[in-house]
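Letters A, B, C and D name the chains as they come in the text, with residue numbers starting at 1 for each one.
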Amino acid sequence: MRDYQNILDEIYTTLKSSKNPGEVATYIPELAKMNRDSLAIHLRLSSGESFSVGDATEKFSTQSISKVFSLAKAFQLAGNELWQRVGVEPSGNPYNHLSLLELDLGKPRNPLINAGALVIADILISHLENPKQEFLDFVRELSHDSDIDYNKAVAESERQTGFNNYAAAYILKSFGNLHNGVEEVLEFYFYQCSIMMSCKQLANAFHVFSNGGRCIKNNKHLSTYKVKRINAIMLTCGFYDEAGEFAFEVGLPGKSGVGGGIIALLPHYFTISAWSPPLNANGNSYLGMKALKLFTAKTDLSLF
Amino acid sequence: MRDYQNILDEIYTTLKSSKNPGEVATYIPELAKMNRDSLAIHLRLSSGESFSVGDATEKFSTQSISKVFSLAKAFQLAGNELWQRVGVEPSGNPYNHLSLLELDLGKPRNPLINAGALVIADILISHLENPKQEFLDFVRELSHDSDIDYNKAVAESERQTGFNNYAAAYILKSFGNLHNGVEEVLEFYFYQCSIMMSCKQLANAFHVFSNGGRCIKNNKHLSTYKVKRINAIMLTCGFYDEAGEFAFEVGLPGKSGVGGGIIALLPHYFTISAWSPPLNANGNSYLGMKALKLFTAKTDLSLF
Amino acid sequence: MRDYQNILDEIYTTLKSSKNPGEVATYIPELAKMNRDSLAIHLRLSSGESFSVGDATEKFSTQSISKVFSLAKAFQLAGNELWQRVGVEPSGNPYNHLSLLELDLGKPRNPLINAGALVIADILISHLENPKQEFLDFVRELSHDSDIDYNKAVAESERQTGFNNYAAAYILKSFGNLHNGVEEVLEFYFYQCSIMMSCKQLANAFHVFSNGGRCIKNNKHLSTYKVKRINAIMLTCGFYDEAGEFAFEVGLPGKSGVGGGIIALLPHYFTISAWSPPLNANGNSYLGMKALKLFTAKTDLSLF
Amino acid sequence: MRDYQNILDEIYTTLKSSKNPGEVATYIPELAKMNRDSLAIHLRLSSGESFSVGDATEKFSTQSISKVFSLAKAFQLAGNELWQRVGVEPSGNPYNHLSLLELDLGKPRNPLINAGALVIADILISHLENPKQEFLDFVRELSHDSDIDYNKAVAESERQTGFNNYAAAYILKSFGNLHNGVEEVLEFYFYQCSIMMSCKQLANAFHVFSNGGRCIKNNKHLSTYKVKRINAIMLTCGFYDEAGEFAFEVGLPGKSGVGGGIIALLPHYFTISAWSPPLNANGNSYLGMKALKLFTAKTDLSLF
């Protein structure tokens, strides 16, 4: 068996000695306060064994990574009707671009771009009694860890500055593709994105997607059919306008967030998460991307 | 072990009794002559065993499927320098759209859209002594079958009517991303697309991509590294604006052509090809897509 | 001298017997209540003589026509600094399109598209103590008629449904091109658009633009320089994606609104307004456009 | 009466002492040979009086200015049927942009962008026995000067390098909006653009557009109706993505070319041409634009 700890150690050493031209996201003022030198990787095998380097239990803002949880919950609740309101195609555009939303007459290209995640948030609000609490419960359950919470300061910070998300929500509303109020949807969405999780918690939570829908406690949350489709969407749409590059260089389904986190997985084999706040030009963690490229290069473990 | 013949038979029966709203491509006059009722599927396991239904030895125009062969040959010859001139991102646009080509300043989004394949053709011309003959030899070698040839009538037919490809080539030329003459590149490209192959020949030839770069005669043509990347590109870019849908519903790397052919594969497991001329609105074989969806649904064999 | 009354009578008869395929705007519910058979034309010569047919003293919702008043007031107050924040180029897109706004990095193409008018509204709010009152006073002064007012029901109706304008405002905000709050700008903007005026009042008010900046009471409101430039913008940008068509067929600076009103003018000669609620596919009054085409065809009075 | 010679002299002095950040067009190699210090202005009043500064009888490549002649000839021959194949709306895009051509399904936005001028060239070829000779005769007749000719070196130079025009022609062909062969249309088009004329010849030739269709010899070439519409198109579409700016700052119908020439006119008053090779970022002569701004500022003669 491979010496995974040794592999992670090597990667960590390489990254620590790399120049990092990335920049910490500043458009959400709270995020700008992050330490640009934070670095962590956590690997969890399907067997349950796990390996870490760096601050793998330090929590950070999951941001867009949380869109996979909300997609999973909405898919669980609404089933394939979901796809009437949001597509499954890569966007071919930067993550905050609005034009494709319009061209498709208010149907966002996929659930992992902002506009699509707003439709997903709208669906959750329509299905849940107490959306914020129930969504948090779902994430805690997948992670089997109740020490996970929203970060109100981040959510509030984004509410003050997230004008582009307001714009996207109003365009969706103008096309009739938000059923609840714009403010209500954005409130939920900003909270959802603010969830704080560590690399370890993320790797535990995403086990459900590498294990046919069963979480680390072996409870069945999603059908195999749904898990496969969520993985396919992560592969083709999980990294904004760098999804093809990630599939090309890493070859795993995954998702990144502007908090500097990345999570990826190989079905039936492992989940792996990395965290480093400075982002590349496409909005993905510069060192996080590099970490995963090194991991698949060293282990030869990928879909293809 | 699964009874694959039985599975293919079931699929064939289902398809034969399906309504087919697709339409045979008419923009290349020679293609319009195809029999819209032709239908074939060929499955080849990595072990070498194979299973067929329908006219699996009848040849048809491979069209865009041939772009995978030309990509493979160019990648073999030029290595990673290739990616200076063509990207690896899905296009988010119809297969004959020109605007993204422009926005990216003459660098096509990926090698499987027409503009990208023209750049690949240009690279092959620069590297090969006798491009048409050497490319044909490469395809024959992968298939281990010398009974494969260009269809001059189809190539000539497209030369008369392929105005959109002329436009794409001249845009590339205006950006300096074609090094050879436009006419020379298009001549090669139209011949490349005209290659006639059967479902069986395709499934045999694509074995190289499911077998780490070794063809059915066990000769090494491509490194594992290159094969993985070609598979990743097929998954994210192989089906025009339906790539996400194919990943979502089928979950295999693959490629389609307007001749009605589709090829897909699961690394280390199998290659599978289907042929039915009528196309859906995205330019992919209507029944071919359905055949592959049914196959992965029945066998549960997919990447995810 | 021409018999203008006779010319208007002829046009009126022609229009009354024309089929009208246009449709009354319904996206602002209050506007949908208009009588689709209302029809009026009012011609005011520079000499002061005037001629009318139809309900020329019946008030209607000026909507986008009011953008010329707000542009004039903002130009008066801010001078050429205005053009740092909004361009003077035609948009080449439908009136409610958002993409050009983005491509130009938050600088709307011109002040007569919605996004541009929002920037103008923002500028007025920054310069005026009591924006709504002072803007209304300005329009009343130009018209020399104090019986002009906002229609709160229309303003409120648009606030409930104007999601696309909210979206545009938030995009502008995200680019830093709104200095005041989004809600405050939209509040002013919806009120501005709701101003009710008759054809006669409009023809009187626009005299200032055909008379080198002097209103019908001969008070100087704008420099000749500014008036010329406002006229140029009306000519190139006054009719959404039909501006070229209007210059081609009518050849006068002008502006239309979704309330079915159109105003146009020939510097030093006349102002002319028409009103008929049903709109063509470009959002301009179907019969109003026809009325002005007939008028310039019959009188041979145009810029060119 | 104004002292026009004095006004031109003042403008010339101002321009001669201005910094010129413009750059001579190099994409047509022959044009790159022009002297960047050439400067000329020629004013021709409707009365026949004329005034010059600089090298007003030196010929230069008219390039896109020739599109007005071809439009005039095609409108003369084909009448309003022309507008089935080309629009009259400003493009809102750089002069060599292709995407709007596509969005409108092969119908170029107007006859003064390259794609539109190709359709016009196609129409001329369909109507004329000997297109190149008859078109040249038309220009000579309008100028009342037989010493005007094509520049074969420039035409040939553009044929070697005008890949973007080839691309546009092939897109038009793919939409069925070129009836003649691509090579034949481009051959005519490159010759048309290569016509060499001086400022004086241009001002004489454009008199037809300021004089209701009668040329300087008082022959009637175009109806008043057609002349008005050509002037409207020049105003809204004559300066690529700077048409609004030109209407705003100058306020005259006109047309520029990448040879550094600009022509403009005020109906019933004058024609004026300027020439200076270095171009601004929008492809219009930097000093030529400035010359016309100064002229209308000093004389207060404009449409508005």
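Throughout what follows, a residue touches a chain if its C-beta (ideal position, glycine included) is under 8 Å from a C-beta of that chain, and two chains touch if they have at least 3 such contacts.
All of these numbers come straight from a predicted model, not from anything done at the bench.
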Farthest chain from chain A by C-alpha centroid distance is chain D
Between the Cα centroids of chain B and chain C the separation in whole angstrom comes to 55
Report the inter-chain centroid distance for chain B and chain D in whole angstrom, where each centroid is the mean of the CA atoms.
-> 47
Rounded to the nearest Å, the gap separating the Cα centres of chain C and chain D is 32
Indicate the residues of chain D shared as contacts by at least two other chains.
-> none
Pairs of chains found to touch, sorted by chain label | A-B, A-C, B-D, C-D
In their complex, what parts of chain B are in touch with chain A?
-> 87-93, 100, 109-110, 224, 227-229, 231-233, 235-237, 241-245, 247-248, 251, 253, 267, 300, 302-304
Parts of chain A lying in touch with chain C, wherever the complex brings them together = 97-99, 102, 163-164, 166-168, 170-171, 173-174, 182
